[in-house]
Amino acid sequence: MSSRRREPLGPYVIAWIVLLVLLGLSIVGAYQPLGAWHALLSFGIAATQTAIVFIVFMKLRGRPHLKWLFAAAGFFWLLFLFSLSAIDYATRNGFPTH
Amino acid sequence: MPPVEPGVQYADLEQQSETAQLGMWVFIATEVLFFGALIATYVLYRASYPAQFRIAGHDSLILLGSINQAILVTSSLTMVLAIRAARLADRRALVRLLLATAALGFAFIGVKGYEYARDAASHSVPVIDFVFKHGYRAPAELFWTFYFIATGIHAVHLSIGIVLVLILAARAARGAFTPLYHAPLEVVGLYWSFVDCVWFFLFACIYPLGRAGI
Amino acid sequence: MSATALELPASYLTEENTIGSWLLTRDHKRIAMMFFCSITFFFFIGGIAATLIRLHLLSPAGAFLQPETYNRLFTMHGIVMVWFFLIPSIPATLGNFLLPLMIGARDLAFPRLNLFSWYLFNTSGLLAVYFLFVGGVDTGWTFYTPYSTLFSNGHVIAAAVAVFINGFSTIATALNFVVTTHKLRAPGMTWFRLPLFVWAIYATSIIMLLATPVLAMTLALIALERLMGIGVFDPQLGGDPLLFQHMFWFYSHPAVYIMVLPAMGVVSEIITCFARRPVFGYRGMCYALITIAVIGFFVWGHHMFTSGISLLSAVVFSMMTFIVAVPSAIKVFNWTVTLHNARIQFDAPMLYALGFIGLFTLGGLTGLVLGTLSSDVHLQDTYFVVAHFHFIMVGGTVSAYFGGLHYWWSKITGRHYPEIWGRFAAILMFVGFNLTFLPQFILGYLGMPRRYYTYSTDLQTWNVLSSAGASILAVAYLLPLFYLTWSLIWGRKADDNPWHATGLEWLTASPPPAHNFLRTPRVTEGPYRYDPRDGSYVSQDGVFHA
Amino acid sequence: MDQWVPFWPTNAALSASIVDTINIGEFALIGLILLFVTGMTLVFCVRYRRGSPAPRQPLGSSSWRLEIAWTAATLAAFFVLFVFGANAYLFLYRPPPRTDLEVYIVGKQWMWKVQHPGGQREIDALHVPVDRTVRVVLASEDVIHSFFIPSFRLKHDVVPGQFETFWFRPTRTGEYKLECSEFCGVQHAHMIGTVTVMSAADYARWLSDQGVAESLSQQGAALFRSYGCSGCHDPHATVHAPLLTGLYGRVVQLQDGRAVRADERYIRDCILTPLNQIVAGYPPVMPSFAGQMSEEDLIRIVAYIKSLSAGSSS
């Protein structure tokens, strides 16, 4: 955290522009006939945007290095919440009615 | 300003700052699970009732959602620029950027409020005022329930963020932050950007649905 | 004992003694003491409920309670014991007190957050006491939908909010522990020099951080559903009650590990000290703790084998359940082998720890029976399950909690507890516990469902035995309350390291001064460098003691 | 129940024999492990007590061989248990190899309502013949219940909003407890009843003594007309709706590409949420009957639709 180091402005602005472009892509993509790929596209874009914010705005690469561990831990456990309950839903005989 | 002393348990300010940032990252991990649980319920129900979710999602207001995303992304930018200003000891820019961040936060809440009003006008508020429109069945109400709970909890998070940023702006105006000591800015900045990330996923859940025909 | 002791200022207990100085303290030791008072209060609330339940079940028709009252009592017993006693028990008291001492820190990373956690806990506690007095909740601690949202006439919303707030207290404490362990270790205190108690608290905190938010969200949804009639889990509105169970157990199964991992840590400290031997397989013990913390998240579905989840997912969850049992088995074996070639003293903490091993082993093994898919079809929701989890949580966690309390009592208060009474209570607890819960295994296999306020007459013998055991257990739990309080004033004064143990917490005075250490200790040794041949030891700062 | 102090429940069904066999093996194994651990602990405690003259070996530095050995051993033992348990579970919870009889049971606070295919009804009681495979279709009208017969070592939860099915094969005549094992409210402990297993002759006599005019599927046929189902699903109807003859048990091709077997659950879903499974080639015009039919009426109509399939078991 040395104060003498140059503080570049460029990465922030570029990241901001990329985020807005991705937003546009998400909107345009929503109107394309992609069928089941819609979900993948919109969640893929959300994940990419999150990755950009984490890495550039939240400086995931600097000190303290351990933040990698915790940034990953949340998503890792979430993955298991999703996948293990999805096993049930995907292979249960039909869905609850209403 | 007198130099800031580290807490008794810390060797120096740098250790204290790193510890505070690590604390926020750990908190973010819990927040990922908090919102993740909600999004998990959404995904499992959407997988159960794809057609109904498309029909209901089509009625969400994608223009307002997109404007809001642009606002939030920009506010994240002003937030990191504020931290940069603190590092460069530019107090004027720091205060202005913090105020801009809070203003963008307010703008988000304002747009969100307008969107809620429009949703209410089209009778999409579950339980209170819900009309089963063209092809709506019960799962469509489930979609709108998720919409209001998720965006509501997100708005609460954002409001907390606005309060924190305003407090920081007041402290910054008094010159509390220096290139050596600005850990609170870093910590709140992490929080702010994370709330932004939550919105990316809520956007993906809510707005793109059912635009390309149902 | 050490030179530093003479120059130390007043202890954390005597330093400043106004009420304000306690209520606004940032000292982790004082906050630990305040947590200790809070959870003791709730332990007795929950204990009273348990006593009434067991008294009522003396008679097959039910002795004196109305069904509504009975249902509220077992719900209250569950909610209070799980969230207001067991989950904070070891971490918030012993963990809070010892973690900074053991790693050589002067306080936790975020002392104000620590205090805030105590206030959150008490806020939720007050809310809990409130809903208990205005009529209680009758859903069972599991809050299953749609009963809790559509049919119950108890104060479900108040209970959900109480547990929600309680969850944030848990998260705050856990966050503090994790960050402290990462950032505030004394020089030389590498990860593999940490005492196992620290490892256990760390692993527990990870579970707390990542499981509790899911519970918080689930309970928020339950409260909203009940309050507004929205249909997240309501089958009439397209919701799925089983999704609630998935979300609930995603937290509540790891919650069992939140309760038992710190107990494992306590027992590791006690056994090594009283066996005067290094723990067998230290690294294996560390890895086992972390493995349990991770894999413990993947087994929640074993609470749902009979609920109608897909057969494939049931098979996956069963397999995971067997896998998570392996590290627990390793720990039991390692503790047992630690006694080999040892030099064993049977002081009260050791008696509690030995009791823990036996009870935890039986609890874990009967857990395997329940994890076996076909057996669970018969045993799910019977008294077999009740007995099994009480073996883990009460036989395991509460035994270890009392063991730890006795072991560190001199450090916490500067006084010795009366040894004879300590041993007597430990033995009484073991006997009373087994008498209470062994008959329940048989009741369960005979098919007595849990949460029944009446039962058929042929089951009375076992129920009476269980109630008899419960009365012994109640006495055994009351005893320490009396003699430990007595020792605060009349107990023999303790020196810095009465057990001749190796940890850093024993290097400072008993009770420790405000910021723990005058000079930050330099760590050169791993934990548990005891020598069984003559009982000598090397403390973690490298000093040899004969 | 014939023991003074019961220790082991009676074994009255095929499932009980299966579950007991695995459990006895498992109890033996955990008994051995428990004996081993407590035995070692006691021996060490005596031998290595502080005052004892036993020699203490210098401490070995390597422990990993032993640790890996017992990790592998426990993993292997647990895997065997897992395989036996999973195998038996799949046998118990999958559809039976052959069905002799079907019974429909609705749980509600706080009773079990049983409907036999012949139209006989009973509450908190279930009569079944011995040595016949009985398939049970479960439904709940309110909260989650769990249908539990300890002497059969079997239970299955009943989640509202969907049918659950399981089966048993009684092997001993007599009366056995029937219980609800999932907490369901104030009178949860009184949601109990009796399962009576009878010889084939007694069972036939019991059925005829009930004095029922219409079978379940006949009752369903009447409902099929009164709810207006026949208006579209009748062979002579003008609306283009799928014919239901021979539907039950067949594989149905859905519009979204899925192929599902038409079981009770599928038929129920089609009645309540028709838009979620549109049959390929048909317009999505069927109205939903959610909230209009009681669970018992649903069961009757499902029984009728099943009766339209030749070779159906009922």
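Observations
In order of appearance the chains are A, B, C and D, and numbering begins at 1 in each one.
In the analysis below, a contact is a pair of C-beta atoms (placed from the backbone, for glycine too) under 8 Å apart; a residue touches a chain by one contact, two chains touch by 3 or more.
None of the values given here were measured: they were computed from a predicted structure.
Central chain by Cα centroid: C, whose mean Cα position is closest to the mean of all protein Cα atoms.
Counting C-beta pairs in contact across A-B and across A-C gives the higher total for A-B.
Centre-to-centre separation between chain A and chain B, using Cα means, comes to 14 Å. Measuring from the averaged C-alpha position of chain B to that of chain C gives a distance of 35 Å. Taking each chain's centre as the mean of its C-alpha atoms, chain B lies 46 Å from chain D.
Under the contact definition stated at the top, the residues of chain A that touch 2 or more other chains are 64, 66, 73-74, 77, 81, 85, 89, 93, 95-98.
With touch defined as above, residues shared between interfaces to two or more other chains in chain D number as follows: 159, 161-162, 273, 276, 290. Shared contact sites, meaning residues of chain B that touch two or more other chains, fall at 18-19, 22, 26, 29-31, 33, 36-37, 40, 44, 48-49, 52, 137-139.
Contacts from chain B toward chain A in the complex involve residues 14, 17-19, 21-22, 25-26, 28-33, 36-37, 40, 43-44, 46-49, 62, 66, 69-70, 73-74, 76-77, 79-81, 84, 87-89, 137-139, 179-180, 189-190, 193-194, 196-197, 200-201, 203-204, 207-209, 211-213. Against chain B, the residues of chain D that register as touching in their complex are 273, 275-276, 288, 290.
Here chain A touches chain C in the complex through residues 64, 66, 73-74, 77, 80-81, 84-85, 87-93, 95-98, going by the rule given at the top. By the touch rule above, chain B contacts chain D in their complex via residues 49, 51-52, 137-138.
Listed in rising order, the residues of chain C touching chain B in the complex are 100, 105-111, 171, 175-176, 178-179, 182-184, 209-214, 216-218, 221, 224, 228-232, 236-240, 243, 247, 250, 515.
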